[in-house]
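Take this structure, written in structure tokens, and hold onto it; I'll ask about it next.
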Amino acid sequence: MNFDLPAEVRELQQRTQRFIAEQVIPLESDPRAAGAHGPSEDLRRELVARARAAGLLTPHASRELGGLGLSHLAKAVVFEEAGYSRLGPTAMNIHAPDEGNIHLMEEVATPSQKERWLAPQVAGRTRSCFAMTEPDGAGSDPGMLATTAVRDGDDYVLSGRKWFITGAEGADYAIVVARMEDGSATMFLTDMDRPGIRLERSMEAMDTCFTGGHGVLVFDKLRVASEDVLGEVGQGFRYAQVRLAPARLTHCMRWLGQARRAHDIAVDYARQRRAFGKPLAEHEGVGFMLADNDIDLQTARLHIWHTAWLLDRGEKGNFESSRAKVACSEAEWRVVDRCVQILGGQGVTAETAVMRIFMDMRAFRIYDGPSEVHRWSMARKIVHQASQGAAR
Amino acid sequence: MNFDLPAEVRELQQRTQRFIAEQVIPLESDPRAAGAHGPSEDLRRELVARARAAGLLTPHASRELGGLGLSHLAKAVVFEEAGYSRLGPTAMNIHAPDEGNIHLMEEVATPSQKERWLAPQVAGRTRSCFAMTEPDGAGSDPGMLATTAVRDGDDYVLSGRKWFITGAEGADYAIVVARMEDGSATMFLTDMDRPGIRLERSMEAMDTCFTGGHGVLVFDKLRVASEDVLGEVGQGFRYAQVRLAPARLTHCMRWLGQARRAHDIAVDYARQRRAFGKPLAEHEGVGFMLADNDIDLQTARLHIWHTAWLLDRGEKGNFESSRAKVACSEAEWRVVDRCVQILGGQGVTAETAVMRIFMDMRAFRIYDGPSEVHRWSMARKIVHQASQGAAR
Amino acid sequence: MNFDLPAEVRELQQRTQRFIAEQVIPLESDPRAAGAHGPSEDLRRELVARARAAGLLTPHASRELGGLGLSHLAKAVVFEEAGYSRLGPTAMNIHAPDEGNIHLMEEVATPSQKERWLAPQVAGRTRSCFAMTEPDGAGSDPGMLATTAVRDGDDYVLSGRKWFITGAEGADYAIVVARMEDGSATMFLTDMDRPGIRLERSMEAMDTCFTGGHGVLVFDKLRVASEDVLGEVGQGFRYAQVRLAPARLTHCMRWLGQARRAHDIAVDYARQRRAFGKPLAEHEGVGFMLADNDIDLQTARLHIWHTAWLLDRGEKGNFESSRAKVACSEAEWRVVDRCVQILGGQGVTAETAVMRIFMDMRAFRIYDGPSEVHRWSMARKIVHQASQGAAR
Amino acid sequence: MNFDLPAEVRELQQRTQRFIAEQVIPLESDPRAAGAHGPSEDLRRELVARARAAGLLTPHASRELGGLGLSHLAKAVVFEEAGYSRLGPTAMNIHAPDEGNIHLMEEVATPSQKERWLAPQVAGRTRSCFAMTEPDGAGSDPGMLATTAVRDGDDYVLSGRKWFITGAEGADYAIVVARMEDGSATMFLTDMDRPGIRLERSMEAMDTCFTGGHGVLVFDKLRVASEDVLGEVGQGFRYAQVRLAPARLTHCMRWLGQARRAHDIAVDYARQRRAFGKPLAEHEGVGFMLADNDIDLQTARLHIWHTAWLLDRGEKGNFESSRAKVACSEAEWRVVDRCVQILGGQGVTAETAVMRIFMDMRAFRIYDGPSEVHRWSMARKIVHQASQGAAR
């Protein structure tokens, strides 16, 4: 067992660090970064161009596709650095939902699907969305999926309403999950500018870090050719798992960077700001919060690393990625909440980056399964294993 | 000891409840309620007109001034009901900073000052701000006050920069706290549309419930006549205390209403929304959160009532209002955070009122002294009393 | 609404305070107070004699029976003071299970039952136990009751095994809850020195404040005459509720006194003990804990007072006593845990009274229904009320 | 980076696991294990004999001395397994204070000191204590050391009072820390059966896992020859650090085993015990606690592993061992507290091993520096590093 980073990962870490510091953070104060529905498409393209120039675009994609073919562990390191700016994941094309969609497409799509949809996306020229969640559920509980796909000749006809679809506004293509007549689910690929797809509205949300925000999409007899089925018919729920476990973990990584950023801002503030005759940092109450932050950040990092290592070994890691999701989202949230408290009035205003990090982060305890759903799935596994007298 | 509400308070409670439900909540979805710097002045006037018609405007002001002369206990009950809508306190003219300013003016202002500034404010025709906090402190630690007032003939000349001044944009008058040459502080009254006062900008803030937002004000050789001194020269810090202890408590009251609103929304959602085969409310994990909410709401209410009773008896209640501030802000925050979690995706979007309540509420753990400052002042008192062998 | 204590309650509070300080606390270091199964019977009698002399014995019993006929609110005040020493409730004969049994007997027993069993108990000459809990449940979930009572002529024959029966060893009489053939439950009165009753063992427990400890009782064809049925046949579950709601609340009261005692010890220690160049109390981290203690103590007190007031008004208060149970047990536990932390090594040794208070207190989050059971019963009520659109 | 355990460590882990299960756990119910001052010396010798037979005695000692020369990482794995029984560390001779003393002696003692004191200790034939803490401090704050050592000819004369000295009763030798005339500190070695050493008493403590309990020692003009100085004169504080950082971490390891044991007991109970119509484990509230336990256990394990790896690389790891100490003691405590809650009445009685684990564990948040002291030392380091613009 060792915690050494391979030299090439360390090099990439440092390069990402520099890129974020020099090329991305200065753009945080750009007004286009402050839109209610995330950074503007325009700003996104500018950021992507910078990452491309720095050789840091879409690093998780395979080398054939033009990425760096990062292992999960390498992603853990690089994505944390990218997350240090809330614009970093957008710049490097590793933000949700594209990051997870790229991963899924690499695993499941046909060569011609890859050429048509994946290649331009890896190149940062297009964006995608993942249309699964619905107003009445089907987020945490996939059993409630109500959007239907009905076979009609060689095509499928999709009808339903999707909700909280990240990046919907302005997305170039969508992966749509729909229920088949036999109760199974299938994933479909479709361009977004087609009849039968309507963006009902973009939702006003607490988090504003995703270009395209969160949209409500209506599929009204959308016709999809059978060649545009993603993977096999009826395997939609299985693919959703393929997508979710690693996607969940990359959320943990990016948001760890965010939490670390907030912490660094709070440390600086605590060093410089005086109250009651001495710097804040010399107040035990503040010092304890900084120490707790450090503990929480390291806790999150260790869970991420351990789970990434499991995934790299080829394990599914469902239990561990649920565990990491809960541990990280709660720990990172505590960090950011403490930072707001240390910053006082500055913490609840846009005077520093912390306010937006706080607002973005709150959603993380809900996205990709709220902590409660993961806890329950962990509990069932714990009890099941004990029932079998399984060794740990 | 008893917890009975007097009949007239109960009647007022019910009247407020109806007013909020019928006259105020419907306006929550008005676009003018969603401004980045709070409800628009226009909407405020409409709300105030409704409260006036309902006989519920400025109820905490004395009867001479046209209010209802509410006791602190009556305020506890009525303000909680008003807070049930985030527009309620604006409608009834009991929001910060006006509520506290009205209280302070009643206590300290001269008859002519009252006529000039207080009477129109009680009538809901004008708004005020309280210019104390500064960029480098003087929020929690008044010793750091840097804005100066220098005697010049019969006038005082004020210079300095104030920060996080709630309601500044569009306020009609201000109470300005400035440091005298001898280190003491004095409060000054001034109209806002005068040379020497400049609104540098309005800050972008997480909370958006105060009309006028939070402004940065520059006082550049502002000339204030000595007749516009509020109270006695050199007594600024003492008056700040007069203002703060009850103001702190009214924050607790209004935000209790907000937390209760969020809880009610979460209860309804939990009853109706299904996941994993049954309504959310039948999941123990959700049920426990609802029970904890109820405990926290009642805890906050009891602290408020007890402290209000002390204030009504004429006690200063500094210790108790610090205690109530910490207990309520933390308890109410926990409630709202749980509601977001129960609501899931709905909790982090403007689909319900909860998102804005959450964002408004976060600031409450900081405003009027962060929990840490109150805890420390409580600790000193606890230890001091123990040193004196004082009976509890 | 007001929080004034009636003069006679205040007088009784002060008298109890003096009694505890002068007559009870000095006996805490008596070796007979440190038994693994609670204070010895011998010490108990000495303590009772002192309370009798002070006119403070069994104050909750009715005046006819020789008590002081305290209201629930008066109990709230007096029991908190009694709890200031872990021997106080034993001295004043207000400890579990006798306190609850006396209450139940007053409500339900026949005159001759009262004369035979209740009168000597109120006089402090005898002790009782309440035999309900069983090894496989029937603590939190009464539906699991397995001890049976079968009619045989004019008698009932009881068979079963009871577990965690507080005060069993040395008790003079027992109230036994058994299941009838029709599934209902009945309560039976029996002397303890009869054939058919066997104390299998006394359990080794973390808490050691109850004389008689916690026993395992076996009922082997115990014959009980029908005149010794307590109340009506088949009403056992209902009477258990009659007993439990107030008994739950008196636990909160006594343990509030214990928590306050621990806090006072911690305050004194923090004032006197120095570390890193200054008294502990001048360290913010310690000061924050003292402040949080004060908040938690007051929170517990307010919940107790409010619920006691409801009970005095004749309300059942099931919801409120569940709420108070959770709020108090968790708050008082936090207090005592913080005290241990402040005291450091002294906190985990018998150098001060805090160690035993800590060990006694842990059980309080479980006794009379663990926090989880109460939370769930609250949740059902909250949801039920919301379903009915019931006003709060 | 990888989390693979070397094959020989995995083998040792399994061997330890079997040893604990087959040879140690059966002795937990031995009455000699339940003494107020820890397992009896007699039982200790029996346990040690079993470990010797299993080839698992004193595995952390170097191979020259007869141990297995475990790395810190290997200790992390083996000590966790040993801790799975509260008698395990005693059996394998890896309990505090001997474990840390053996480490310190190996680092600092002369060959003849090693032969005289260390060799028999490694062989499990003798026990030692570490006499540093004093009644007025010198635990967390070494600056308060009051025991003095005065040079007298070739000897030193030691006088003072030591407090909370683990294992004092029955120890064969002691390492005594005393203050020199110049304010520095020196460590001295002494047999315990000498004039000038008196065991004033053994303290009654919440934890009962250390043979010899916690004693109060009086040194009254104890004469120590200069050849019995441990290491160099004046280096006592430095050696205390040498001892503490790894000793702190081994506490984390052993107690992780304890927490895991408690968790396994709680899982089994939750699977088998029914309440309200289904097994406890099918109640979400219980399931969430089990999931949180798993998260906390893994969090502790990861912090231990990471810090052990740093120590193996030769880093001092003061910051990281402080961090691990806080993270582990708090996480493991939460686990055990939840287990008590799940077990209900069984949790607060000796019916299972959990009660004693709980009582032993509480002290861990205090031993080797309370969480507060570590947090503060972390905070200073965090701020210092930020001041230097140090890269993380």
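Note that the chains are named A, B, C and D in the order they appear, and that numbering of residues resets to 1 at the start of each chain.
Criterion: contacts are C-beta pairs under 8 Å (C-beta built on N, C-alpha and C of every residue); 3 or more make two chains touch, one makes a residue touch a chain.
Model, not experiment: these values are computed from the prediction.
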| item | value |
| --- | --- |
| Pair joined by the larger number of C-beta contacts - B-D, A-D | A-D |
| Identity of the chain that, by mean CA position, is farthest from chain B | D |
| Chain B and chain D, separation of their C-alpha mean positions in angstrom | 51 |
| Between chain D and chain C, distance of the C-alpha-averaged centres to the nearest whole Å | 37 |
| Separation of chain A from chain D, taking each centre as the mean of its C-alpha atoms, in whole Å | 42 |
| Where chain A touches two or more other chains at once, by residue number | 283-286, 288, 372, 375-376 |
| Chain D - residues contacting chain A, complex | 1-6, 73, 264, 267-268, 270-271, 281, 284, 286-288, 290-292, 294-295, 298-299, 302-303, 305-306, 309-310, 323, 326-327, 372, 374-376, 378-380, 382-383, 386-387 |
| Residues of chain A touching chain B in the complex | 133, 136-137, 139-141, 143-144, 163-164, 203-207, 214, 273-277, 283, 285-286, 340-341, 344-345, 347-351, 355, 358-359, 362-363, 365-366, 370-372, 375-376 |
| Complex contact set, residues of chain C against chain A | 283-285, 288 |
